[in-house]
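Take a look at the structures listed below.
Okay, so chain A shows up in both of these, paired with chain B first and chain C after.
On to the complex of A and B.
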């Protein structure tokens, strides 16, 4: 793993929708490097022919994973109660600021 | 024995028999929270009024309608939805969020007659091993208030240790039930992945998260798991297989069971007190007729790296939902949409959450996905294979829960990697999806609790509960409580 530079941290923050200060970026950069340096050890493990696991029980041959249910209308959460939790809502919809600057 | 010292099993028997009323039981705990919790900070939001009202309603119930947990008060980690009560996840971004529905585990507790006492403190979005990452308060370890209670379910562990609640719900993604349970001297059970419904649990890393009980005894953990476990159509990852009567099987013969002792369990970086308690635990199990056998888990030395690559990747995706639109905080409302989102998240998330979102974003980004994310998924398979091999020869694996007892508050906050390494023994059970039970097994020289854990085969909670219960029948570490008069 090469060193992370500020441009890369800036790009990660942008992808993650996080507004970070210069100080935050600098400190996260050092901490990410430290962890990635530590994590480098897994590169030495031979994983040729080893399948990736995304669901522990499926890999173990046990039940799990997505189950499908019948596609039938059923009662849902109350719309008003849900919208009451939103920072802004109107006419039964979530309201967002203008999309274009 | 005063009421607040009682276990769930004992309280539930007395409550069902009518020897205690639900109202007096709830009052004993709410009064204790009021007098003691200001010095510990275990609860974010006591629910005294709601709990009192519910207890009174339970007392009015017909005797024949009393459930298995009739009138038993239970604390709930603030990442599990209780309709009408705030669910902050220890985060500013959800400071004022009030769920409109109950999590399935809450529905089940209610159906069994339990009373929700309040919501407990935690590391923000369950990311941390000390509860210091809570945006609201620092929870102290009841055994020594200068020490952390562990995390992320530190509020739940401290509440049970201080007897502010006979039991609590926690969640465990990389050890967040077992590690604080060990550091606070209580019992903590992470069930098999899929054993307990996660509907209404705020997601952190969905291939790893599980809800489980924290309590004084293994017997209580068995009783609580019976209530919590079982199929739920609202959680597609929830297992459909039937739930055994764990509490009725606790006295099954454990002699001749085989216990695996990993060679890494007493290796480098492990505190002497942990090593001593672990060795004593091995001998105690042997005295019960359990056969022990040294095993190798060669890939587990990579578990911390593997876990933090995968858990942060999943978290960066799960936490994308906090964008100031559907619930929670909004900051920069006068700006354009994308800026509003970035400023909301900058304001609402604490440093550890930001760090993990950035790391997860890195792990999943083009150019690094194969080298980190997919590599870690393959390492996860190797770790699972290690345990699969071990479980061909042994019925359960015994390990320390943590490498050290509780560390001082402030000790590791500026060194994320050293904090992550606290999870070395707990994260393997999450990576492989297996059940794991931590219980008290000794004390350090300066009086801090030490825990050990049993990892079982998938869906074989019964065996580790039997082993843990019979350990407790032959030891009294779990009977000791911290002296809170200091």
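On to the complex of A and C.
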């Protein structure tokens, strides 16, 4: 069952910014096909009349609409503490390799 | 020669006027020092969970109702996946196949008719951060990232491709901006990047119904650039069609300095955003009663207000259009007209003196030192004849520079038109006595001299005599003598 060809795996890897070797692509292709096969089996199930359970909150019910947050500001993080974690930062900015404007 | 028609659709992004971001409590306001409004949610730290801002939903729904959209009781947030240094999570939370609202319309005015531009959808999404390319050491090899903007709430308003010229597109974008401002959904300030447009442009030979290959234009942050970018792109595409070139589906950037559009690397796959439902957010479910309430709370919209001002204050269509070009301006007019009790005169004063002064001084109407009540009072003084039109203008200048009310200025400067008949009579008698030649001419039937005589009376009163009363008194005294 060929659900994915090598070109598609290559494309997915590119979109995910992953550099995969030929061997890795072959191995991931097999694994991805297994995922898709599993999804296909689930999709074959008859779910008419079955309530979605994709979210815990949905299971709890959404009587009265979604719970939403009040538009009240909260303390943000200390800039120095955050920038200290970054691989490169100065002038209050994160620094990244030059991006063309 | 083949004739072509232009097909344009616009995607307008507007920042919602909330205090905080879409999914966290960081402040959403413009102008803070870089990276001071950031938290685990909006910089994408692992484990942080988004919680939707209720106010943002309210504002988005308000705009949807203002343009006649149907607001869906259930909408779903989705991840739009791509890599860019201003996008810390590697995805933007947006809405995809189940947006907040669908199927609305915005009316634009063309020379001879109105045209309805259909709105396909309005969805909510978060903004990305901001990249800085210069202004710091090492900017030739590095870019800076400020994440204050990351997670700020936006709505995207997507039109159908109903626009047939760059002019129509500009009109439409202006109409959308106006509605956003009127409903206080967004300040829609283009300079701050709070209102931006992307355009989808294609051309096709007149009479064909199939759409041409569309090109997406990005990076448009002013109405002037919008018109120019679209016009350039339309011309480019027509020239390409004429020379038998194939138009490539791509994204192009408008370069205002060169006044042309340039292709961004057109990687066919770059547009594969691999949307999927955001697992960290449940579907957004809105109660029908809540939706009804939002619809009811909708303020008066520009078109409706224009019509109402025209009939309530008996002013021309043109004046009504100018006075409603912003909500602040229309509010000012109505408050002033209420005080002056004369809509037509208030409109005239605003259209001439006030707008001229605003333009000359560069002051915004919101910052005007003259309150609408004081402005209305001034107009009342002129209408009652306490001040002549000329004096009224002088008093207005002084109100503008001092911030004082008209009554205080009239008092302080000893202004006020002389409408006291005894005082006027004395002035007229003096002028008659001093100008025997002209009086003789008048008596001989030279009516034109009367204007000159009134001029002398005005001069003698230093402009303060009521000219109507001066003329009547002159005629009466001459007849009596």
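Keep this in mind: the second predicted complex is superposed on the first by the 74 of 101 C-alpha atoms of A that agree within 3 Å, B and C clash if a C-alpha of one lies under 4 Å from a C-alpha of the other, contacts with A are read in each partner's own complex, and residues count from 1 in each chain.
Note that a contact is a pair of C-beta atoms (placed from the backbone, for glycine too) under 8 Å apart; a residue touches a chain by one contact, two chains touch by 3 or more.
From a predicted model like this one, the values you see are computed outputs, not experimental measurements.
> What's your read, chain B or chain C touching more residues of chain A?
Here the partner covering more residues of chain A is B.
> After superposition on the shared chain, which partner residues are touched by A:73: those of chain B (first), chain C (second), both, or neither?
It touches chain C, and chain B stays clear.
> A:15 contacts which: chain B (first), chain C (second), both, neither?
Touch status of A:15: both partners.
> Counting only touches as set out at the top, which of chain B and chain C does A:26 meet: first, second, both, neither?
After superposing on A, A:26 lies clear of both chain B and chain C.
> Please work out whether A:43 is in contact with chain B alone, chain C alone, both, or neither, and reply first, second, both or neither.
After superposition on chain A, A:43 lies in contact with chain B alone.
> Once chain A of both complexes is superposed, is A:97 in touch with chain B (first), chain C (second), both, or neither?
both
> Looking at the overlay, what does A:87 touch: chain B (first), chain C (second), both, or neither?
The answer is first: A:87 touches chain B but not chain C.
> So which bits of chain A does chain B touch that chain C touches too?
The answer is residues 14-15, 17, 54-55, 57, 62, 64-66, 69, 77, 82, 88, 94, 96-99, 101 of chain A.
> In the complex, go through chain A and note every residue touching chain B.
Residues in contact with chain B: 9, 12-20, 24, 28, 31-32, 34-36, 38-39, 41-43, 45, 47, 50-57, 59-60, 62-67, 69, 77-78, 81-82, 84-88, 94, 96-101.
> Once bound in the complex, which stretches of chain C touch chain A?
Of all residues in chain C, those touching chain A are 18-20, 24-27, 33-40, 43, 51-57, 81, 83-85, 131-133, 136-147, 269, 272, 274, 277, 279, 282-287, 290.
> Looking at the complex, which residues from chain A come into contact with chain C?
Listed in rising order, the residues of chain A that touch chain C are 11, 14-15, 17, 54-55, 57-58, 62, 64-66, 68-77, 79, 82-83, 88, 90-99, 101.
> Applying the document's contact rule, which stretches of chain B touch chain A when the two form their complex?
Contact set of chain B toward chain A: 97-98, 100-101, 192-194, 207, 233, 236-237, 239-241, 299, 302, 304-306, 308-309, 316, 320, 323-330, 333-343, 345-346, 349, 351, 354-355, 357-359, 361-362, 365, 371-372, 374-382, 384, 388, 416-417, 420, 431-434, 458-459.
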